[in-house]
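What follows is chain A paired twice: with chain B in the first complex and chain C in the second.
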Partner chain A sequence: MAHIQIQDLNKSFGDTSVLRGIDLSIHEGEFLAILGPSGCGKSTLLRIIAGLETHDSGHVRMGGSIMDGLAPKARDVAVVFQSYALYPHMTVAQNLALPLVMRETTRVQRLPFMGHISSVVKRKRVDIQSAVERAAAQVRIAELLDRKPAQLSGGQRQRVALARALIRKPKLFLLDEPLSNLDATLRASTRTEIVQLQKRLGTTAIYVTHDQTEAMTMADRIAIMIDGRVAQVGTAREIYDRPKDVHAALFVGTPKMNLFDGRIDGGVVRLAKTGMVLAHTADAIDGPIRVGIRPEHVVLKTEFDEGAIPVVETHREFLGSEALIHFGIGGGAPDISGVARLDPDALDKLAPGQTVSACFRPGGLHLFDQSGLRLELSGENLSPAATTALSDKETALDERPIPIIAGI
Partner chain B sequence: MKMPTRFQITRLAILTLVATLLLLPYIYMVGFSLKPVDEIFAGGLSPLPREFAGIANYLGALEREPLLRYLANGVIVCAGILFFQLLFAVPCAYAMAKLRFPGRSLMLGIVLFGLLIPIQATSLPIYVGLAWTGLADTYTALIVPFISSVFAVFLFYQFLRTIPDDLLDAARLDGCSEISIIVRIVLPLIMPAATAFGIFSVVSHWNDLFWPLVITRSPELNTPPLGILAFRSEEAGDSYGELMAGTAIITAPLVIAFLLAQRRFIEGISLGALKG
Partner chain C sequence: MNARSPSSLASERPSPAPSAAGVLKAPPHLASTFIGWSFVLPFLVALSMFVLAPTAAVIAISFTDWQLGRDTISFVGLENYRALLTARVPRISAANTIIYALMVTPLSVILGLWLAILIESSPMGRAFFRSACFLPVVSTTVAMAIVWEFLLHPTLGPVNSALLLFGLPAQRFLSDAALVLPTLAFIAIWENAGYTMVLFVAGLKSISAELYDAAAVDGADRPWERFWTVTFPLLGPTMVFVVIIMLLRSFRVFETVATLTGGGPRRASEVMLYTIYQEGFQFFQIGYASAITVVFVAFLLLLTLVNFRLMDRSVHYK
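Now for the complex of A and B:
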């Protein structure tokens, strides 16, 4: 258990800069997910925290003390690797025992015959044996202790890797995409199990993944990492509702947030291509912006109210609990496209290819400046142009509130 | 029982024929070692003796030359060479395959270059060096030139590259030093390759005639091939039965060793470190 602080961490491999000024702070006992696309430097960051990789500048602190330059074994950190990294020539019991054997016995005590000579060594070996059995019981692999890794299924290997990490009660767990080699069902059940285990042990954990569902369902907080930088840190809810940055906005949520080029002039937020009015704001900042709307915040209707935007359906997807309508905006400029999420029953009210009107739910509009940072316009000022139309519930195609996290 | 197909029969026949051809000298050697001298000279194609003189031949061979001493010499020299070869080559290959340090690719280049140089090319300077230090004509002189094997480094390097880095990182986190990693993780994993290399090394040094001939003079240091040489030159001509018995004794340890380690040997040359 420890409070982890990462401060202005930089790392390059040759000319490629992989980590660029990472600042991150993890509370004691917290489960933090690092979420980002593959190649963004997540594993490198994890390896630096573990001491397996050196960094160019910055600091890693654990429980207040600086870890820089300390060997991995001196850090009291356990890693669960994506490949599990079980020792193939050892049985499960030997795999689990190794961390304890290496840490709790001296070189001399490890000699094979010492168990017969010294009672101290004998007692230590008995202790290790019972620790192995306890750890195995915690992840329910007690009956597999005599097998070699090659004789285990993927899920069982994954459990052995977990047990090997928790057996020596480290201060910090680091997990690098530990579920990516499992099938979907197993992944969902193991997700819950890992979280419960972590909460029971109370050990701080950093969990690296490129899977937003994993991050959102497991973590106390998520750090979105894009291109070697931390784009946003917060709870799943905070990141989904108020993404700080256009990359974070696009990375979280399926399907992706709709993103349109827009501009503000004289307090009016418009679509750049068609000039259609999206909202009014009292803040006097003019210039090009980007406008994001999550698919479930788009409302399609068959009636045209004032301020609504005409859109043409191009493609529909029925997903069981929800439906997606892909649409193009404006008759003359179909190169702007977007997607709306609605109740599957609403599909029947909409003929394929029909032109309908689109508006958005209040507060559903995210504005980003040209560099991708969120523009904070105060809620009162940002009034959706078509809010009035929304109160007219009867004609809206999309009536049922839709859960924010899609079940994947 | 299922009838063998025609393909299987043909294949078996061809394999038997080739194997017989290759084994023929060996079979005749063993056959002659069991025959009295006059029967050997009488000719006849059967390797089986009409009159059994095996015991006399083998006892005679052991009496005439200290063959057991030569065998012991062979064991000392081959074991010494193999021990040091593994001691140096495994950590060296580990460092080159898995650690990052400046000059690594240069080192690998030197190893590859070393593969091209035959012992005959370096034997003269080594001979001079050993003679100068007064080590010529000792066990040390028989062992020292071979203790660093570029072939072993290269073989283990190739093998070690198939071990994932995560495995070694896991061991580092579990508290292993680099030495413990070699002893606890790397060595067990490269065991098949080490066995294969061990057989190559033992066979070539057991059978080596060139270097022992160059560096030793005292008969007590005779290695098995030198022993056969000594045997033959002393009693040229009439004691072929004993000579064959001596040869059989000297080659037997290798044959037995190979038969015992056969399965590991084949694993070693056909597999990477990690199965499945």
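Now for the complex of A and C:
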């Protein structure tokens, strides 16, 4: 259990700069997910924290002390690797025992037959044996101790890897996409199990993944990494509701946030293509911007209100609990496209190919400047079209039954 | 060969009808059987011509008194085998071969493994060192043997010059009965190490880097610990193969003996293949040579099987 602090960490492989000034602080006992697309440097960051890779500059602190340059075994961390990295020639019990054997016995004590000669070694071996049994019981693999990894299923191997990590009660767990080799059902149940285990042990954990569902469901906080930088750190809610930059906004949420070109002219925020007025602001910043809106904040209606955009449905997806309508704006060959999330019942009220009106829910707008950073505007950050259109029909977000056609 | 599945597939079709031209075609299952056999036949012909038939012939000849160039041949039963048990040369030869193999096999394996790990862990020049070590393997043994003969020459050879330079006595490497087998073994190790090195390099490359990472996190990060925790166990399957290949290769030693020593001095470098060659093609005792061959082959077969069994038990395959 430790408080981890990463300070201005840089790393490059040859000419490729992989990590550029990472600053990150992980509280004691926290479960932090590092979420990012492949190649963003998240695994390298994990390897640097583990001591498996050296960094060029910056510091890694663990519980106050600097870890830079220390060998992995001196850091008291445990890693669960993507491929599990179990020793294939050893039984499960031997796999679990190895970290303890290497740590608690000397080279001489590790020699064969020492258990018969020295009572100290004998006692240590008994202790290790009972630790192995305890760890195996914690992840429910007690009956597999005599098997070799090749005789185990993917899920069982994963448990062995977890047990090997927790057996010596490390200060920090590092998990590198540990669920990516499991099938969907197993992944969902293992997710909960890992979180419960981590909370029970109270050990700080860093979990690297490219899967936003894993990050959002498991972690206390998420660090979004893009191109070797931390784009945003926060709870799943914070990141989803107030993405700090356009990459974080696009990376979190399925389907992706809709992104349109917009501009601000004298305090009026408009869609660049149609000139539709989206919001008013008191801030005097003019120029092109990007406008983001999550699919559930797009409202489709059959009636046309003033200010609403006429859109044509191009494709629909029924997903059971929700439905997605892909739409295009701008006549025959739509050059702006977007997605709306609807109640599945609303699908019936909408004929395929029909032209409908789209407006945006209040508070659903995300504005980003040209460099991709979030713009926080003072004043009414509201879609006037949406306010007028919604005022009489729906006011609260959780009002599911909507008269005509509506989002969630 | 199992031709059943294609033929059963084919027989599901309706029975063959005469084609429009009225020509009867072979039933489909016959056709697929024929295709199956036509794939296997070339191999079967070659196997019987070059392996099975000669082996059978050697076994048959070993029960006769046939001499090369003689027209008469008569069955002598186990006479050749009885002679073999009492003869002096085959016994010396067998002992020499075993001693030679016991020197060559372990040292070739250890040296090759050492070279492979050294080369793979070196930051640069891997391709160069790999090729350099592999050169002795691709060169003709007889040609290399002649080079070694010059290098080890009692008076002209640079090896002896070097010994003299350090104040050591010059050695007659190839004509000293105590030195000749170790010298031949040394040449073989020099030649084999490149071969075992290449096999070990392939084995090393198949070991996942994550295992070394796991070992480092678990506390096994010193070179020796890494070797015993990860490298050596995971090279197991390669090791079985390399040891067996090296045993068979060293039992088969012939070229260096024939080129450099002719089995001498005083039979100190007499080895099995050379004895067989002499009995058969210099003394023309083909029947007797065949009997030695049969015993030799049976021994090698047994050795390989025992080896496989013993090593297989302690090796893990993925």
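Some observations on this one:
Methods note: the second predicted complex is superposed on the first by the 385 of 408 C-alpha atoms of A that agree within 3 Å, B and C clash if a C-alpha of one lies under 4 Å from a C-alpha of the other, contacts with A are read in each partner's own complex, and residues count from 1 in each chain.
Just so we're on the same page, a contact is a pair of C-beta atoms (placed from the backbone, for glycine too) under 8 Å apart; a residue touches a chain by one contact, two chains touch by 3 or more.
A quick note: this is a predicted structure, and the numbers were derived from the prediction, not measured.
Overlay on chain A: chain B and chain C clash in the combined arrangement. By the touch criterion stated above, A:150 is placed in contact with chain B and with chain C alike. In the superposed pair of complexes, A:81 makes contact with chain B and with chain C alike.
Look at A:338: by the touch rule set out above, it reaches neither chain B nor chain C. Look at A:52: by the touch rule set out above, it reaches both chain B and chain C. On chain A, the surface touched by chain B in one complex and the surface touched by chain C in the other have residues 47, 50, 52, 71-73, 77-79, 81-83, 85-89, 98-99, 102-103, 150, 164 in common. If you check the complex, the residues on chain C that touch chain A are 208, 210-211, 213-221, 225, 229-230, 233-234, 236, 316, 318. Within the complex, the chain A residues that touch chain C are 47, 50-52, 71-73, 77-79, 81-83, 85-90, 98-99, 102-103, 148, 150, 164. Touching chain A in their complex are the following residues of chain B: 164, 166-167, 169-176, 180, 184-185, 188-189, 274-276.
Listing the residues of chain A that touch chain B in their complex gives 47, 50, 52, 71-73, 77-79, 81-83, 85-89, 98-99, 102-103, 150, 164.
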